[in-house]
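Labels run A, B, C and D following the written order; every chain starts at residue 1.
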Amino acid sequence: MNLHPTTAGLLLAGILFVLGLISVLIRRNIIFMLLSVEIMLNAAGLAFVVAASHWGQADGQVMFMFILAMAAAEVSVGLALILQLYHQLRTLDSDEASRMNG
Amino acid sequence: MDIAFIVAALIAVAATVRVVTCYNIMHALLYLVVSLLAVSVVLYTYGAPFMAVLEIIIYAGAIMVLIIFFVMMLNLGLETAEHEKAWLRPRIWIVPGLFCIVLLGELLYLILQNKQPAAGIQVVPPKQVGMALFGPYLIAVELTGILLMAGIVGAYHLGRQHKKTLHRFLENNLNT
Amino acid sequence: MLPALIPAIPFLGACILMLCWKRVSRSAVTVIGCGSVALSAIVALIVAAAVAAAGKEPVVQHVWQWIQVPGFAAGIDFRMDVLSVVFVLVITIVGFLIHVYATGYMHDDEDYGRFFACMNLFVGSMLVLVMADNLLLLYLGWEGVGLCSYLLIGFWYKDPANNYAARKAFIVTRVGDTAMAIALFLLFEHMGTLNIQRLLQEAPVLWAKGDPMVTLIALLLLGGAVGKSAQLPLQTWLPDAMAGPTPVSALIHAATMVTAGVYLIARMHVVFELSPAAQTATAVIGAVTLLMAGVSALVQTDIKRVLAYSTISQIGYMFLALGCGAWSAAIFHFVTHAFFKALLFMGAGAVIVALHHEQDMFKMGGLKKMLPGVFWVFLIGCASLTAIPFITAGFYSKDQIIWLSLAAAGGHKAYWLAGMLGALLTGMYTFRMFFLVFYGEAKTKVHHIPGAVMMVPLYILAVLSTVAGFIELPHTLGHVTLFSHWLLPVLPAVQLAVDSMALEWISQLASVVLALGGIWLAYVWVIKRPQGMVDFLSMPGQVWLQGCWRRGWDMDALYDALIVQPFVYLSNVNRRDLIDKIYTGTAQLMEACHNLMARTQSGILRWYIMGVVLGAVAILSVLIWRLHTVS
Amino acid sequence: MILLLLIIIPLAGGLLSWIAAARNTLWSRYIALACLLVDLAITAQIWATHPASGGRWLYQYKTDWVPHFGISLNLAMDGLSLLMLILTFFLGTLAVLISWKEINQRAGFFHFNLLFVLAGITGVFLTMDLFLFYFFWEMMLIPMYFLIGIWGHENREYAANKFFIFTQAGGLLMLLAILALYFIHGANTGVYTYDYFSLLNTPMQQETARWLMLGFLVAFMVKLPAVPFHTWLPDAHTEAPTAGSVILAGLLLKTGAYGILRLVLPLFPEASAYFAPWIMFLGVLGIIYGGMLAYAQTDLKRLIAYTSVSHMGFVLVGAFSFNALAYEGVVMQMIAHGISTGALFIIAGALYERIHTRNILEMGGLWSRMPVMGSAAMIFVMASLGLPGLGNFVAEFLILLGSWQANRWITVFAAIGLVVATAYSLRIMQKVFFGQATRQYALPDLNRRELLIIVALVMAILLLGLHPQPVLKTSQKTDYVVR
């Protein structure tokens, strides 16, 4: 294993991101989907930090902070939406909430 | 290659895989917390101690706790796990999974193609981050504040239990 | 002023009748209907006298300018020359007699007024046709005649069969008219005018004899003539035209319509003279038609259809004469034919009325005693049609044609033979009809004896059918040339290739023998030994052949299969307009695309994410591919 | 100024009659009728008094509108415009009369639309500014859309949409061509203007001219309509109310023919000559194809609509013959077809009012019940098949005589089209008026109002057929493009 640290970090970010993506795709439970999105956000944040350390610049970490803030906002709104959904449809199955089809 | 990084990365990946495959939502959440903690170690190894701390406090702490509370509030127990089991059939996950693997392969390929000169890890101190935040990124910070505000208001509005069970948009839809 | 009055009076009568026949009494309709034609006949006589007095100088009248645009002018111009005078007199006089007859024939019809309106219009249109000074006005009359035939053949409009017959008459003649219209375009292109006199003067200057262009024009004119005159190959409408009331048939066959083609060719004879090919075509068409129609007439059962085919056959004689260059002979035959054919038709009409609208000859018979008056006039008509020598008009006119078809410059032995054979056929079918109707046992009761108003015109025509022949006698019998002499300013004298008195005697004798032979055959066939004939005719091949002849050589079926059916089929297939399918198809395609795209909006979140993944895969693939191809 | 008045009168009348309808629909009808009669009187007066030996332009009126872009309010009238205007107001008057009893719902809005269509048509016939031309072109489109879509028969919305999409698509192509011409003229001469007279001799490459010419041509061919752009017409004609059908057949189609004579040929003479054989071919295709389609129809109005396709084929053949005779014929055909087809639509409408069907298979034997209507129908059917003595014959004969000089085979086939015309025309008479009556109706013959309309039309078609000279003489003053 003679990987460059940046490459290694990006690899890790990529793996995590794709795992999150897989999860989003295969889960029908909407809470799981929210979790998976969190994984993906986190992976993206990780990639930013790795890049920041690679260039020695603060911008990457700034971005990580924004992602954090966004994730927080997203989770709060998302959970509220899930709550509504659960009340309306009595299920957490995202496929059930397909009334807005074309 | 730092040993700490390798261990943390392996833990992160393993824990995430469990998140993906776990039927029980509580277990999945706990695995996710583990994964986040591992990522925070990774962040630390990449010279971003402040970010590692934030990861633990906000992600693993605040956000995850929020979700756990939420799950507990909805009282999703074994029943949901059964559902989850029933939903996770190979028929459902194989094709998307394959595509994602392809995507991963391509990502890795592209990352490994990178022939950047080795520069090693450079530590970016929190002070520099703070300077950047309240310097060039000031407007973004303000906007983030507004975003968080919107999140709070939105969560409040959406999470409120109305006497009417239906949202007004949905109500029209159901009547028709 | 006078020439214009001749067609104007019948038109006026038609207009008055059309507008207010419902409001005036029957007798008023009679007065207007017959009176207008009578008045027209009187004016025609006056104009004829004027023409004669002026040394056969034509009387020309410009009524008003019809069309005048740069490069083209046509007026409502009438011209009475000697040829027109002949036609106008025949049309008005015979037309008048038919009108008088019709007042009796149509007496009980509810649309009495409409009938006379159309009849007047018919006469008027025909008068315009023969008096027109330019081809466009002639064309107006030409088409007007077609319209009136349509109106009158389909007069009893409640029976769809009549309408089909009427429509057929109009459309078939229209085919010929189209050819004629194209001839007009060609004439205009080359001469820059449609004035008949100028055309006739300039044609020989412009074209040498046998020029392909003049042949084309002559053939196209012939096409028009063939359509109106019911000659091969456009003869199919005429037998069906019997659907109209009998006076209409008389008018169509005797005075108007079918003779228009003869008039046209005679009028444009200069063009035909310039084209030997077209003349030959005319003669051949005439010869073939006269034989085919004669054969068809032989096997008809409907009395009016016999007469219809005999008309086609007789017009065939006229075409034969025209084709041989015997112009005045053709016109002479037209005149005598007008008399005896009107006579025959109206006689047949009298029979039909007497038998309560029974037209099948095999259901008639023994009428000699019941209807003696009709019997005698019918006999005169038949004799004239068969060309019984010396005493009938038909003899002089037809014999002249048969002789000239051999002797004239354009004549040929084959024409002569055809004419001879035609004489035999004529004798046979005419007297077959005559015997069937008047001899034998009565099969249908006479319920109505025709009154004076119907019989008087018959008597007059009977006289005319007899004496009209004396105005033109052959060399062998006194050599009177009043008629051809009268026509000399317009129609040149016939060029004789053979001028032998002996040969002419032989020809006449032969034709007489053949005609009498035909009568004898008919006598044997119908009266003497009907059974033998029945046996002969019921032989296997015979039955089919007879059917074929009866149906007019199955030309109808041929046209039906070749033209009508494909046309109807094509238009029915295309009823919904295939081109529209292109547009509606495009619209449908768009809608299908829309539906397809809308299907992707399933509302299922994971599908959307899947789309994102696929997009990402695609983008990265392209990226990698480019990375490789670039480096 | 009088030209502007001609346009303003129907516009004002339309608004007024809309307003008046709120009080009393009868007022609205009288106002519409009065406006059109006034316009008819003005144009008839001009026709009667115009000097026999004057110049080409009888009246001209020009004032700036948007000088910055070279747009002006430029109206002019020559013989062609004059004849078209008389036809417009004549048929317009009849259209109001024919709707007197037929249109009872929202009569005010109906007359508003009717008058606006007529105003648009008037504008098209008068304007000498291409921008304004396009403006009026669109202006007649939208009220027509409403006329079909609101007062039409069962399938009216489909028909109205189809009509709108077809003509609008054609119109947009024309707009493109107008703009291109504007800019090319501006670039080549430095003068940016929409003025017709200035644009007449725009210097440009032949290749460009051909494309621009096609842009104009397609718009006019859609309106005309020529095969293969004709498919909107049967639907629109069939579904429109009687007045709408009359306006469509009698006037709207004529704007297409007018556009070809006024714009396509003079603006692009070389390009037109280049495409002439093909366009004549389309014309003759329309004559025969339309005729065959007409023969197959069972819906009376649809049948008549397809005869329009057939007759307008003659216009196309004549217009691209580049021959003075053919042009006279085209003008005659425009007028005679307007009258004869308009009359047939009026008769079809009157029949529909009485027996509530347009299916000719359900008719038959109507002559005995309605002899006057039958006679009138006979006259117009005969006109439609080109019987000499009626207007259409003069037109078709002149067209064919002229086109013979240009292209013989085309003319031969066009002449064969006359036989097809006979077939479908007689079919109308046979199926509708002849034969045995299938049902017992209590059918009143034409009433006084209808009789007035029909008599006016019969007089017009007879006059056109027997004494077309005044029309021909008026039209001669227009300089057509002759090769």
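Convention: contacts are C-beta pairs under 8 Å (C-beta built on N, C-alpha and C of every residue); 3 or more make two chains touch, one makes a residue touch a chain.
Fair warning: this is a prediction, and the values are worked out from it, not measured in the lab.
Comparing the centres of all chains, each the average of its CA atoms, the largest separation from chain D belongs to B. Between A-B and A-C, more C-beta contact pairs are found at A-B. Centroids built from CA atoms put chain D at 67 Å from chain A. Computed centre separation for the pair chain A/chain B is 4 angstrom, with centres defined by C-alpha atoms.
Centre-to-centre separation between chain A and chain C, using Cα means, comes to 95 Å. One simple way to say how far apart two chains are is to compare their mean CA positions; for chain B and chain C this gives 99 Å.
Residue positions of chain B with contacts to 2 or more other chains are 96, 99-100, 103, 107. Multi-chain contact residues of chain A (touching two or more other chains) are listed as 21, 25, 28, 99.
Across the whole structure, chains are in contact as follows: A-B, A-C, B-C, C-D. Residue ranges on chain A touching chain B, taken from their complex, read 1-12, 14-23, 25-29, 31-32, 34-36, 38-39, 42, 45-46, 49-50, 52-62, 64-66, 68-77, 79-84, 86-88, 92-93, 99. In the complex of the two chains, the chain B residues touching chain C come out as 96, 99-100, 102-103, 106-107, 109-110, 113. Residues of chain B that touch chain A in their complex: 1-2, 5-6, 9, 12-13, 16-17, 19-20, 25, 28-29, 32, 35-36, 39, 42-43, 46-48, 50-51, 54-55, 58-59, 62-63, 66-67, 70-71, 74, 76, 80, 83-84, 87-88, 92-93, 96-97, 99-101, 103-104, 107-108, 111-112, 114, 116, 118-124, 128-129, 131-133, 137, 140, 144, 147-148, 150-152, 154-159, 161, 165-167, 170, 173. Residues 162, 227-228, 230-231, 234, 292-293, 295-297, 324-325, 328, 365, 367-368, 371, 375, 378, 382, 387-389, 393-394, 397-398, 400-401, 404-405, 411-412, 415-416, 418-419, 422-423, 426-427, 430, 433-436, 466-469, 472-473, 476 of chain D are the ones touching chain C in the complex. Residue ranges of chain A in contact with chain C, taken from their complex: 21, 24-25, 28, 33, 94-95, 97-102.
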